[in-house]
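What follows is chain A paired twice: with chain B in the first complex and chain C in the second.
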Partner chain A sequence: MSQENKTPVVKETFVKNNSDVAVTIQYLSFVLGKEEYGVDILRVQEIRSWEPVSRVPNVPPYEKGVVNLRGAIVPIIDLRERFSLSKVEYTPLTVVVVLQTGNGNHTRIMGVVVDSVSDVISVDKSEIQGAPDFGTKVSNEFINGLVSVNERMVMLLDVDKLLTLETTEQSEN
Partner chain B sequence: MKMNMPVTNHEVVMKSGAILVTRTDLKGVITFANDAFVEISGYSRAELVGSSHNIVRHPDMPSAVYEEMWNTIKKEKPWHGVVKNRTKAGDFYWVNANAMPLLENGSVIGYISVRHAPSRTDISEAEQFYRKVATNEAALHSTGAAAFFKKIKEISLDKKLAFASTLLAAPNVFLMSEFLNTADYGLLSVTVTLTVLGGLMVFKISHNTSELVNLSINELRKVSQNKFGVPPNLRRDDQFGDLFRTIYGTGIKLGSDVGRLNQDAADALRIISGLENVQSSVLITNVNLDIIFVNQSARTLFSRVEADFKKHLPNFRADTLLGTNIDVFHTNPEYQRQLLGKLSDSTMYELELAGHAFQIIAKPVISADGSRIGYIAEWMDRTQENKIEREIENLVNSIKVGDLRARIHLEGKEGFNKSLSININGLTDVIESVFMDINAIMQKMADGDLTGNIHTDYQGAYAQCKDNINNTITKINQFIEQIREAAEFVNNASQEIASGNNNLSHRVEQQAASLEETAASMEELASTVKCNATDMQQALNVVKSTAQLAEKGGDVVKSAIVAMREINESSNRIAEIIGVIDEIAFQTNLLALNASVEAARAGEQGRGFSVVATEVRKLAQRSASAAAQSSEMIQNSVQKVHAGTAFVNETGTALMEIVGGIIKVGDLVGHIAESSNEQSAGIGQVNQAVAQLDEITQQNAALAEEAAANSMAMSEQSAKMTQLISFFKLSNKSSSLAVRQHDSTSKKAVVVKPKSAAVVQSSPSYNSDWEEF
Partner chain C sequence: MSIDMSQFHQVFFEECFEGLEAMESGLLSLNIGDIDSEVINTIFRAAHSIKGGSGTFGFTVVAEYTHIMETLLDEMRDGRRQVTKKAVDVLLGSVDCLREMLTSIQNEEDVNMVSAAKHQAALEIELNGSAGSGSAPKAIEVHEIAPVAVANESEEIDEEQGWKIAFCPYLNLLKTGNDPVRLFRELNGLGEFTANVNIQDVPPFDELDPEECNISWELKLVTDAKEAAIREIFSWVEDDCALEIAPLSKPKKVKKLKVTPSAPAVDVVEVISVAPEVVESTAKKAAAVVESDPSKNTPKASSSIRVDTDKIDTLINMVGEVVITQSMLGLIGENFTMDKVGQLKRGLAQLERHTRDLQQSVMNIRMLPISFVFSRFPRLVHDISTQLHKKITLKLVGENTEVDKAVVELINDPLVHLIRNSLDHGIEMPAERIAAGKPEMGTIELKAYHRGGHIVIEIVDDGRGMDKAKLLAKAIEKGLVDEATIMSDKQILELIFMPGFSTAEKLTDISGRGVGMDVVRRNIQSLGGNIDIISELGKGSTIAIHLPLTLAILDGQSVAVGDETYIVPLVSIIESINITEKMLNKVAGKGETFKLRSEYLPIIRMREIFNVKSGEATKSNEGVIVVVEGQGALCGFLVDELLGQQQVVIKSLEANYRRVEGVSGATILGDGSVALILDVPGLVRLSVR
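Up next, the complex of A and B:
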C-alpha cells in the first residue's frame, strides 16, 4: 500500500517537473565487487559507515550481528555473502545501508554491508528492463529489472522481497 | 881302270855299328845294296843296282888292291882290307871291307861284301900304306925273306907239329945216348919209354888236332852255307870240345838269326802285302828318298793324276815310280830334302800340285840303333775334301757375315760329301728361317707393330727362342698397355697438378698481398702500441684523480641518503594528512547521501535540499578524488623516494666498488704499460717473422712457378709419351683399344696446348707482382 501511495508522489514530481512525458524514480546505487546495484531511495533510512557489530549466535554466516541504531536494534547482513560473492575485509570506507520495509504496521529495518555507495540516480520507469533469467549471481526473485545509466548496468533490487525473504527465512529457521 | 871323278877332300864318316852290304854276281855287277850302302854312296838304288861295283871306287885306291882282292876271292877265300870309297858327290868314306864268295851247293854263285866302320888308326895306316904302294915304296905281296918267313909261317899245322916234336925229341935222344953211355939202363929205359910215349902222344895229338881242325873247317863251311847240323865231338872236354861247342853255338845262333830274319822277312812280306792293299796311298823310300814301295792305292792315285802332273813335272811317270827318287814330285827337291832331313816325327803337310791337293803324312823310319833308314809317306787325295772344305768355309764365312742365302751346290757330289752338303744346307735353311722369322718380327716391332708372332715350328733352342720371342711380344704388349694406361693417368694427373699449381700461384699471390697488408698493419700496430704506452701513463694519472673523485662521490651519496630519508618522513606525514582529508570527504559524502535520502523522502520540499546535498556530495567527491590523487602522488613520491634511496645506496656501494676498481685499473694500467713495451718487442719479432714470411712466400712463389712449369713440362712429356706409346700397335682386343686411346690422347694433347700457354702467360705476371711486392 505504502508503495502504491508513494509511487504517485514520485510520479507527480516528475509530472510537474517534466510535463507529462515520463515518471522518474530515484535509486541509490552501490557497488558489490564489480557489479552496481540499485535500491529505491525511499527504502533507504540511513547510510552509515561500518561499525563493529554485536554478534548474535546461531544465525547464518551472512548475518553479521546487530547494532543499536538510536535505540532500535538493527540486524546487519553482508550482501556479498548473501549473494554468495567472495568475502572482502571490511575497511573504514565500508558502508552499511540501512533499509526499511513498510509492510503495514510491521516495519522492518535492516543494515546491509556493501563495498561502497556510488550515487543517487534518477531512472525513467520506461527505461527499466525486465530481469533476464540468467547472467547474474543474484537470484531473479530479488531483481526488479535492469537499467543502464551512463553505459553502466545497474541491477535494481526489490527491497521488500529482499527483506521479506529474509524474514521468511528467519521464521523458517 | 875306271876313274870316278871328280873327288873332294870332304870325308863322310861312317857310323860305327853300321854295316854296308852289297852282293854282286860273278862279274862284279851289283845285285843288291842295303839301305846303309845306298845312303852313304849317295846314289839311288836304281843307279846302283845293275851297275858295276867299281862305281864307288875312289881314284886314291891302288888298282893292285882290287887285283889282289879278286885273286883272293876267286880262290874262294875271304878278302879283307881298309878301303877308301867315293860317293856320288865326290866325297870319300873309309870302310873296313870284307869280301867273300857266296857258295851254294859247293859252287860260287856270286860275291858278298860286308863293310864295317874302320878305326882311325886303321885308316891312317892304310892311307900311308896306299900312298907307299902308289909310289912303289911298298908292295902288296911279300918278297925275299919276308916271303920266305911268310911261307914258313903258313906251313900246315901237322907239319909244324912234327917239326916241333922232332925238336923236342932231340934232347931226349941225347939223354938216352948219355944214359946208354953211362949204362944207366933204368933211367934209359924210362927215358926211352917216356920219349916213345911222348912221340906217340905227339903224333896222336897232331893227327887228331889236324883231323879236328879239318873237321872244324868243314863244319864252319857248312855254317857259312847256312847248313846247320850237330857237329861231332861236342862232349870233348878239351879245347876242341870248346871249339866245336862254340861252332855249334854259332851255328845255332846263326840258325836262329836266319829263322828270325826269315820270320822278319815273312812279317815284312805280310806287312807289304797288307800295305799293298790298304786304302791309303803309301810310299816308302829309303834314306836317299828312292821310292822302294808303292802300294796299289798309290799306283791308282798317281796314274789318275799322271796327266795333270806331267804338265808341271815332265819327268813324272806313274808306271815307273818304283825305284825313282821322290824328287820327281817336287819342283824344288833340295828344299824338300832339307825338310825331310829335319823330320824327326810324324809330320803332316799339304801339297798342292796341278790342281790337286794332297795331304801327306811323312814319317822317318828309324832303325833299332836309332839311325834313319828311310821314310814312309801316306798320301791322301784331298782335292774333293778341300773343295768341300772350301765350300763349307765359304758358306760358314757367308753365314758369319750374315749372308744366310748361301748354299753348297750339290752338283757333282756323291756319298758322304753329298749328304754332308745336304745336311749343312738344311742347317742353313733352319738358321735362315729362324733369322728371317726373328727379323720379320723385329722389323714389325721396330715399326711398332706388336701384333705379330712366330708361327713356324722349331725344335730345341730355336723353339725356346721362338717361345721366348713370342712371350716377349706378349709381355711387351701387356707392358705397353699398362704404360699406356699409366701415361694417360700421368697425363690427367699432370694436368690436374698444373691447374693445382696455377691455383697455388694465385693463392701465393694473395698471400703476398695479405702479407703486405699484414706488414702495414703491424707498423700501425707498433705505433699504436707506442701511443698506448704513453697514454697509459696519462691514464694512470686520470685513474688517480678519478679515485679521488669517486671518494668524494661516496660522501655526496651519504648526504643524499640522509636527505632521502627526510623526504620520506615528510611524505608519510603528508600521506597521513591526506588520509584524514579523504576520511573527511568520505564522511561528507555519506552525509550528503543521507541528505539526499532525506531530501528524497521529503519529496517536493526536500527538493532544494537535495540540490545542496548533491552539491555537497560533488564537493566531497572532488575532495575525495583530490585526496586520492594526492595520496596516489604521495605514494608515488614515497615509492620513488624509496627507489631513490635504494639507488643512492647502490650508488654508494657502486662508488666504493668503483674506487676499488679504479685502484685495480691503476694496477692494470701499469701492467698494460709493461705489456705494451713487451708488445713493442713482440711486434718487432712479428715484423721479422713477417719479413721471413715474405721471403718464404717469394720462394714459394718461385717454387710454385717452377712447379707449374714442371707440371706443364710433365704434362707435355706425358702427352708425348702417350703419343709415343700410341706408336705401338698391339695385338688382339687391345689393338682396337689402342686406336681409340690414340684418338683420345691426340685430342687431349690438343686441349693441353692452350692450357700450357695460359700458364706460361700467367707466370710472368707473378714475376711482375713479386717485383712490386
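Up next, the complex of A and C:
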C-alpha cells in the first residue's frame, strides 16, 4: 500500500514547485461494498468503531439513531442505506466516521456508518472530474466529483449536502 | 492618549438601572406625612451616584437632569420641604424619564430631549413653586405627554440612515496628542465607513512641518447610530477641528470636497510619499481602517449574571474537595491490593457526595431571587390602582426564594398579566368593598415558596372572586362548551384559559380583551409548569403557578418499551396503573380507551406510535398505563414496564440533529446510552392524527 502511495506524493511536491495554480486536497477514503468514497479530511473529526445506538422513532430508516459522544447527542446515519445499497450486518470492522458540517457559526457533528476506512489520499484539484449524470436520483446529488487513485475510482462526497437531513419530508409523514 | 471609557459603560449602566430601581422602591415606600429619613437618604444616594457616574462618563444630559432631582431630594432630606404625593409622583416620573434616557444612551441613540424637557420642567416647577400647594394634575400631564414624544423619536430613527462628516483638523491637532486614525477606527465600529482624504492644503516638502496636520477628511458613515454617538467620538478633538455632521439623506449641507487631479495636487501626493511618517501612516491607516471588518457592529449588551461571592466561594471549596478526593483515589489505585477495597469504597462514596454537591453549587450560580421579578410590581400596582381609583396594597412574601435565571426571565410577562387581571377584575371599587363589608383597602398578595423541587408563585387577592355560573353562561354563549356538559367547579374555572374567553363587561386598556389567559397558560406550560385557580365568589381568587426550579434538569420516570428506554417528565404523570383486561374498551373498533375510576381515557400505545419492534410484543392485557396530562386532557401511555425515577440532565436533540415529533429532548443514562425524553403534549397531538 505504502509503495503505491508514493507516486502521488512525489507528484504533489513536483506540482507545487512548478505551478501555483495546483491545489492539493487530502481526502479520507472509505469503502461501501465494492465502491470507494472520499470525504475532505478536514471535515473528519474522528473515527470510531460501531456502537449500538438509541433508536429515534419515526425517522427514515437510514437515520440509525443517536449516540452519546462525550456528552453531546450525535445522530448516526447508515451510508449504505442512504445510498440505497444492500444492507449488511455490522461487524467489528464496521466504523463510524464522525463528520462536521458548518453553516455559518453553527457547526453540527454527525456520524456516518461505513464498511471500513481505507486510506488518506492526496488529490490535485485539477485531477478531479465532474460527476457524470448517472440518472440515479439518490447518489448523484452528494457526489462532488470523481478521482482516480491507483486505477481505483474514488467518489468524492459533498459533506454538507450529505449531512443535510430532510426535515420537511419527515414532518409530512 | 486616553483610557477607553467605553469598557466601563456596561457596568455603569447596570449600576444606574439598579440605582433607579432603588429610587423607585424607595419612593413607593415613602409614607406621605410620616417621613422616614433613611428612605429619603437611600433615594438621595442612588440619585447622587447616577449623577456622579454620568458626569464622569460625559453624559451631561443625565447629569444635569439628575442634579435637579438631587436638589429637590436634598431639600426633602434636610426637612426644608414637605414630602407631598405630588412631589413623589413627579419624582417617579423622573425615574421613568431617566431610565428612558439611559436606555437611549446605552443603545447609542439620541436622547429624547422633548420628554426629558417636560419632566425637567415639572421638576423645576415642583422645586421653585410653593411646596405643598397645587395638586396632582401636573403629574398626570407629564405622564400623558411622554408617549407622544416617544413616537416622535421612533420616526426619527426611521429616517436616519447615515452621516456625512466633514472633519478639518486645525494645524495643532497632532500636537495635542490626538490621532485621527483612532477616531476613524471608532467610527468604523459604528457602521460602514468610508473616508476621502483632502490633501490640497499640504505645503511643499521644504515648508512642511511634520507636527502640523495639513490634511482634512470627508467621511461617510452608513449607520443607524445617532449624531450624538458620532459627536461623542469627536468629543476629544472638538476644540481642535472644524466638524460638520450632516445626515446622508440631505447632502446639500455639506460641500463636496474632491481631490482634483490638477498638477499641484499630484506634486503633493509625491511629497507625501516621502513626508515624515506621521502624515503618511495616518493616511495609510485611514485607508486601512476603511477596509477592515465592516461586520464589527456596535456591541450589543451581553447577557450577564451577578453572582454572590459566597456562592463562588462555596463552589471553589467544592472543587478543592473533589480534587483532594481524586488524588486520594489515585493513590489507592496506584498500587492496589484487595485489602484496600474498603478504602476504595469509602473514597468513591466521598466522590459521589462531592460530585452531587458540586452539581448543586453550579446550579446555584444560575439561581436568582424571585425579587428580580417581584420588585417591579409595587410600581405597577401603584400606577394602575391610581388610574382605576382603587385602593390596593401589594404584599410580597418570599421574595428571596431562588429560581433559575431562565425562569426569572420568562415568568415576568405572565405575572404582569395575572396581576393586572387581579387589579382590574379582582379587586372591587372602594365603595363596593365597603358595601360588601370588606375593608376599603384591597389586598393583593404575591407569594413565592419552594415545594418539593418546584417553585410555587401565588397571586392571592381578596376581591370579588369569579362567578362560576356567569363563567359557564358565557362559555355556552360563546359556543366554547356544550350546554349539556356537566362540569366540575375546577373545570369551569379553567374555562378562563380558553382562547377568546373574557367576562369583563367592558374592555379597558388594562385587561379584558379575552386574549391573554390562554397565552399565560401556554407560556407557563412551555416552562414545564402548570397553573391552578381557586376562587370563591365574594371572597377572592388564588392563582398558583408551579414551576420547575431549573430548566436544565428534569425529574423523570424512565419506562421501557421493548428494548428501548424513554423518559416521561414526572410533572406530567398523574399516576401509573397495571392494566387489566376489564379496563380496556375499543371505540369504533379502532381507538382504545380504558376506564379510570369514573372516567374513560384514551390509550396511546407507545409501541405502536414509536414503531418499536424489539422485545416481546406486549399482549393487549399486559403492561403498565402511565396516566399523563397533556394539553389539559388526561390520557394513558401504554408501556411495557416502569424502570425507575431519576433526575436527568436535558440535552438538546436539535443541536446536532433535528426536532423529532413526540420527543422534547434527550438525556444520557448512567450506562452512557442515550434515552429520549417524551414530549407529552406533542405525543397526544401525534396520536390524534
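Basically, the second predicted complex is superposed on the first by the 140 of 173 C-alpha atoms of A that agree within 3 Å, B and C clash if a C-alpha of one lies under 4 Å from a C-alpha of the other, contacts with A are read in each partner's own complex, and residues count from 1 in each chain.
Everything below uses one rule, namely that contacts are C-beta pairs under 8 Å (C-beta built on N, C-alpha and C of every residue); 3 or more make two chains touch, one makes a residue touch a chain.
Model, not experiment: these values are computed from the prediction.
Superposition of the two structures on chain A shows chain C fitting alongside chain B with no clash. Once chain A of one complex is fitted onto chain A of the other, the partner contacts of A:I128 are absent, as it touches neither chain B nor chain C.
When the two complexes are overlaid on their common chain A, residue A:S49 makes contact with chain B while staying clear of chain C. In the superposed model, A:P75 lies in contact with chain C only, and not with chain B. When the two structures are aligned on the shared chain, A:V149 is found in touch with neither chain B nor chain C. Counting the residues of chain A touched by each of chain B and chain C gives the higher count for C. By the document's definition of touching, neither partner reaches A:L85: not chain B, not chain C. Contact with chain C, but none with chain B, is seen for A:V67 once the two complexes are overlaid on the shared chain.
Least inter-chain distance for chain B and chain C in the combined superposition, rounded to the nearest angstrom, is 21, based on C-alpha atoms.
Shared contact residues of chain A with chain B and chain C: none. Touching chain A in their complex are the following residues of chain C: 564-565, 609-612, 651-653, 655-663, 666, 668, 672-676. On chain A, the positions that touch chain C within their shared complex are 52-59, 65-68, 71-75, 108-110, 165, 167, 170-171. The part of chain A that touches chain B in the complex is made up of residues 9, 13, 16, 26, 28, 41-42, 44-49, 92-93, 95, 117, 120. The residues of chain B lying in touch with chain A in their complex are 583, 586-587, 589-590, 593-594, 596-597, 600-601, 603-604, 614, 617.
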